[in-house]
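Presented sequentially are two complexes of chain A, the first with chain B as partner and the second with chain C.
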Partner chain A sequence: MGLDRRAFLGLVAGGAVGTMFTPIPWKLLDDVSIWTQNWSWIPRVPKGQIDYVTTTSKLCPAGEGLKIMRVAGNPISAAGNPDHPLSRGGVSALARSEVYMLYSPARVKSPMKKSGKGFEPITWEQAMLEMADKLGAAKGAVACVSGDGTGTVNELLSAFVGKLGAAGYFMMPSEAATAAKAVKLMGGKGQAGYDFENADTVLVLGADIFETWGTSTRNRKAFGDSRPVGQKPKSDYIYVGPTRNNTAAVCDQWIPAATADLGVVALGIAWHLLRAGATSAAPGFDTFKAVVNGGFGPEDVKRATGIAPEVLAGVAKALASAKAPLVVTGSPCGQGLGAAPVIAGMSLNLLLGRVNKPGGVYALPELATVVPGAMTREAMLAGDLPAFLKGVADGKTPAPKALLVYDANPAYGLPETATMAKALEKIPYKVSFSSFLDETAAMCDLVLPNSLTLERYDDLATPYGSGFCVYSLTVPYQKPVHDTRTTGDVILTLARKMSVDLKFDNFLQVLKEKVATLAKASGGFVAKDVMPWQVAAGKPAPALAGGDLWKALTSGYAWTMVGQVQATLGFAPEVLAKAIKAGKAPEKAVVLAPYAQLRTGTPTTGIPCQDLTTVPDTELIGESTFVRLNSATAKALGVKKGATVKLTAGGASCEAKVHIFESVMTGVVSAPLGFGHSAFDVFSKGKGANYLSLLSVVEEPGTGLSTWAAADVKIA
Partner chain B sequence: MSGHSKEFPITWGMVIDIDKCTGCGACMASCQTENNIEPQPEASNKLRSTSWMLVYELTNDKAFPDHDIAFLPRPCQQCGNPPCVSVCPVVATDKNEDGGIVSQVYPRCIGCRYCVAACPYHVRYFGWYDPVWPEGMEKTLSPLTSVRPRGVVEKCSFCHHRWNLAKDAARASGKNPDNLDDGAYVTACVQNCPSGALSFGDLKNPKHKVHELIKNPNAFRLLQRLGTNTQVYYISRREWVRKLGDNYLKSE
Partner chain C sequence: MEEKRSNSAGGVGGMVLFALIGFVGALVVGWVIFPKLLYSEKTQPIRFSHTVHAQLGIDCEQCHHLGPDGRFAGLPTTESCAECHGEETGDNSPNGKEIDKFVKDYVKTGAQVPWLVYQYQPDNVFFSHAAHKGFECTKCHPDVAKTDTPPTYYQNRVSGYSKDTMKMWECERCHASMGTSNACYVCHK
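So, the complex of A and B:
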């Protein structure tokens, strides 16, 4: 019997149908899906014993303690250290990046020397020889810029530069510098510290306290504790500022006010407090009262800011009736605010009797220096870098012969970016200690890469905003990934080569001396079972077991101290009278109000590569950043949602797309900072615009401080 | 949607207090590295990038000055009655394990994306590209989560590997791994949130905080009327936020 066509087709069809009733097709499908996913170029995960070690974040300005997960001894990821008072288990997106940033494509892999338009790698020995030679020739005119607001390495750098003959020691602009100026003008001493943990009503004037202001992770922990999930809030937060930013989004009330009017608002609230009988024994009270009553009545404030009198009366009532009110002032973009608004905000704390009280503001003492000839933090913060560089650019200030740049990126992170770059170009010899190839490093003659947090010993002393003195260590948990060194050690080696005596042989010795000094300080303790805010609230401070402090600090605990320097804070009414005027609101001007977020990094880190994913597409799309304005402003300007516009101010211009966002006050255009890098890597370079370039530096009347938190801008 | 939810003696769930979320992105950043999601240079293209945890910005749609905003972190909702499971032709995703976590078996996934289309919460991501880490950064991969190639769908697993670790730790200390202490197992996003906006635990365990939180009058679930019976709850004192949780008619 032959196989005819009909039988053959039947066999094939039957076979096919029959196969469907067997596991064969499903097994094949399963195998196909497995083997088409088993490619050699897909990375394999590491294997090994998991353990955890602790350190402190130096990339994130909030200074969180970190708990690092390791596999077979290699760091894998960073989480918040629950035992650290500035973290308590929380971590910012930036601090989370501490481990993977070790392998950032933007890292400087070895010492590099400028060669034409690019760089060529050199050895550390060559670099030291060249630097010793050049700095020796520049003696008497060496300047330094530091972006590390908390490290003891500043002592080494300032002593080294001082002994070479300093042309200036400058910190990158920060909220800390503005507050230090304000405290000084008020006749006070010490660093302002804010006790959020014990406060029950917090008035926030401008400061983005949950993003860029001070110890923002700790601030959020304190906020979160006073808001148990599902229960009635135990605290009241009021935000005053030009946009409902990330801080204002969770506050109980947002009062729209231009950045330039923050001082007026503060004095407007003072008017209501004074009317309700508030008084103070602090110096200058009578004059302060006269200043406030003379120009900051409800109608004056309404005319200047548009805020209805009953709104500020309500705020004053909330503050006056609270058990532990606290007023915090800062810049909505983390920099560039004048000292006068901070003084005005601090005046409210004085009127409310909240200075050196639990839940109030503390004047925190500075930790003792250990390096001979080092500057104090107060002295370092007194330098005004934008004013200095502007003077250099304009030829009014002699350019230093050499500039050392540590953990700072002034070519990107300062206002009037073009002016600052011009000033930097005038400085004949520049050395950057940057870990990443940032905009400033790209301009330098020599780049001597600093090891990153997990590769070096370093420390963190009382970041601005902390309500208590705090000190913790970073500990190296792996060999440097690249040919990098700890800058503290580099400076000490260089000093020896140049016969400059800095007392210490290596940076570890410096840190040990610092810790030994702390161990002798009275009132200090290791925050373990008792936290500093509990001590501030009356709980006895535990004793410090002297010899174990280094061990405790290298185990991730923090040394803390609750206390205040004895100095009388006054109202500084003369400054307020000169600097703050409740004038008539300008007509039709559009004001640029930048904002910053930790997820876009700092000028020294660029955008951490994993954090780019957290940026919404209403902020960045492709290579364009968005500016935010409300529909009334957009209508007045004739711009539409999604349109590409050009922002012009101070002789510079930037492009942006328009995002209509109703939580920006009318007449304000809100722009994100942290974008528009021309250096770093594919995660930062060419992404959007740097709106800092639009901000002009203006000297604040009465204080002489450079300010730039807002600027009139043209949009077309 | 019809159907009934499977019941599990242990039901892991999350409660997110929207009124505490500042939208900082720490939860997203924590999730990316915890779960071996590669850095994405073109992350602004939200149709092609991956973020198991995503923070949405909500608004009340009013003009200034009556405008209000809130941030809504969105992990996988771990539906009791998951629409993604019933459409998967190869059983690469299922809800059959104690704990009620919707699984995703990458080697079994054929990349058909039916589940992506079915998920009403947009929690599922298709890998359009092979994952690439900058040179050396693969050393920071977590050993606890496998790396996925392109062509498969992935999603939040409530950091399931952490549950395994917590159970191991409980066994090692002589405790009952099926009755973990509150906080013994939390996801990476919950652990790292600086504001304490996220809570996690066994919804059925009276000793766990979330057991009570989900009974809060301000608690709600997303698109509750679909009948998905999700294991992620949200809390907000603001009515407009709660109303955005579902597609209400103007008259409702």
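So, the complex of A and C:
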């Protein structure tokens, strides 16, 4: 009996049947399905010892302290640091992106030099030689734009540019600059700081305090603490602004008012307070009283804003009867508001006696500079970048020969973006220190990438909005992912090459000197067991053990100080009289009211990749962004939900889809900022429109400040 | 004609016989040979003696602890081990040689030991040790505390996972017996 054909078939059939009764097919099927999880392009979860380290967010303007989770020494995720007074465990969408932005496809991976329409990588040494040569030739006409409102690196940059012969040192427009201008015009000094933690009634005029204004994460914590779950709220928040934004949505009351009318509303409330007998010893009170009584009575305000007299009377009563009222003024979109509305809001604080009082507004002193020849923050904030660039574009201001751009993206993040880009094109030599290939970096001759927060030493000093002086450090917890360097070190190396004496050899020395200076400052302490708002409320400040300050700061704690500048704040009624008018009836035109959100990043970060998934499809769908109108406005314009419309203003136009949203006041079209990038990566580029391009820069009467927070817009 | 019938009858019988041989052969291959072929055998980079450490009174949790937030710290790092084994011993005993190998290859170089973990779950499984801390470690893990030489690590040649990696049905069975939800999102986030 041999193995003939039939026997062979029998063997195979028997084997096949037998195999079905073994684990072979079933186990292999299971294993193959598991094998598909191991394909090389599928991200792996890192394994190793988990630990936590602390640092401070530099991407987020709110300046939170961060607690970074690491696995086997590699940063994995960022959360709020419960020990940091600007975080207290809270974190914004942007600060949370600090870890994964390390691997953003938009990162500049090495120094790059413009070559034709693109870039070619060069070495740091080549970059230094070229920059030393070009900046040497541009001496006397070097300008700098910085978007870092809190870092000591500004001292290095301003001293360096100053010693080369500065054509101007400018900060990107911010609420801090507007407030600084307002305080100056009121005869005061220092940075306005708002003590939310001790306030019991807060009137918010426009400022999106829980999203983009100032120390928003800290503001949210203070708000949350005053409203414990299941208990009676200990605070009352009233929001005045054109949309029920993320701030208004949680406030006790939303009073719809156009951005342009915020000053009128403030003076309208002042009228009620004055009528109830409010008075002040501050300079200019009598003139202020005359200005308010002369043009901001209930009927004047109603005609200008549409707000009923009893509404403002109710607000005035709530403020007057509160133990610790506080008035905060800002732009609903985080930029472009005039100084006059801020002065009007600050005047309410003066009338209520809330200046330099717990739960009120403090005039915070500036921390001492350590770099010889550095500008003070006050001097830096005095520059008006949109006005300067507009002058350059129009040929009225000579273009600088060279421009250094640090942590800023003026080609995208300014109003009249086309004009600003035109001005930048006129500058013959531009260097960007951006970590990401943003719109401005794409226009530059040289891009020298800055290391990101987790890769460098850096610092954060009293962000605008903080109610107390605060200082904290960032610590490098990993080697730079790409061939990047800390810009502070790059400037110091360059200065040595150009024989410019900046006193220090490296940026770490600068920071250590800064910390040593703070250790000597009287009244400062490490916020640990006692927080600064508790000290403001009367608790004794703990003593500072000077030698341990660096250790404490690199361990995630913050140096803080409660105090105020000794300067008398006045009412500046002449400015108010020129800048704020309540005479006009509401116009029929539709007003553009932009809004900003941290989840769509800042002009310097683009949209953080993971945060893009949190953008709802009523804001961005495909490559189209939505503008928001209420049904009454939509009906008046004859547009319907989902329709594609064209918005035209100031000679520019943008497309948008229509989202009907009843949280927008009638006559206003609300548009999201942060979209419409032409640079960065797939997560930002080509997503919707940049509505900043529709906003025109207008000089504010009485202050001379550039403003652009709102604009009349045509919709078709 | 006769020969033809004989062939036919023998052919059917032969076919059945060979079918039986094939059937039995497949069973032998499937149940005996296949498992041996499917897994490669690996040994740990360092012959770590749990017995020696357990005899010194070191608890499991001293090296494999839960963090303050409930996260499982996993395996100790080279630095942790170096707190006791920072220097070479020069001891020629098997244990002494192994300690010296560890010090030379890992402590001195600052590298982490590439330990072979018997029960790593796939990345798409969210397993919390904190949620299971009421159980004895040995309910799920081999009782390595009683081993002087770590058990052989069997790696599946197809999936790449350890033979001891717990399968989903095992998780589900325990959850069901404990009255714990077996909803997808409990383990797959």
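Here is the rule we go by: the second predicted complex is superposed on the first by the 673 of 716 C-alpha atoms of A that agree within 3 Å, B and C clash if a C-alpha of one lies under 4 Å from a C-alpha of the other, contacts with A are read in each partner's own complex, and residues count from 1 in each chain.
The rule is short, and it goes like this: a residue touches a chain if its C-beta (ideal position, glycine included) is under 8 Å from a C-beta of that chain, and two chains touch if they have at least 3 such contacts.
Owing to the predicted nature of the structure, the values given are computational and were not obtained by experimental measurement.
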item	value
Chain B versus chain C as contact partner of A:34, first or second or both or neither	both
Touching partner for A:632 - first (chain B), second (chain C), both, neither	first
Touching partner for A:456 - first (chain B), second (chain C), both, neither	neither
Partner chain(s) touched by A:401 [first = chain B, second = chain C, both, neither]	neither
Between chain B and chain C, more extensive residue contact with chain A	B
Partner chain in contact with A:377 - chain B first, chain C second, else both or neither	neither
First (chain B), second (chain C), both or neither touched by A:48	both
Common interface positions of chain A, toward chain B and toward chain C	30, 32, 34, 37, 42-45, 47-48, 50
Chain B to chain A touching residues, read off their complex	15, 17, 19-26, 28-30, 32-34, 36-37, 39-46, 49-51, 55, 57, 59, 62-65, 67-71, 90, 106-110, 130-131, 133-149, 151-152, 188, 191-197, 199, 209, 212-213, 216, 218-219, 235
Complex interface listing, chain C residues touching chain A	10-12, 14-27, 29-31, 34-35, 38, 67, 71-77, 80, 112, 117, 120, 122-124, 156, 158-161
Complex contact set, residues of chain A against chain B	26, 29-30, 32-34, 36-37, 39, 41-48, 50, 69, 71, 74-77, 79-80, 89-93, 96-97, 99-100, 102-105, 210-211, 216-217, 220-221, 223-225, 227, 229-230, 244, 246-247, 249-250, 256, 481, 597-599, 608-618, 620-622, 630-632, 662-666, 681-683, 687
Chain A to chain C touching residues, read off their complex	1, 3-4, 6-19, 21-24, 27-28, 30-32, 34-35, 37-38, 42-45, 47-50, 72
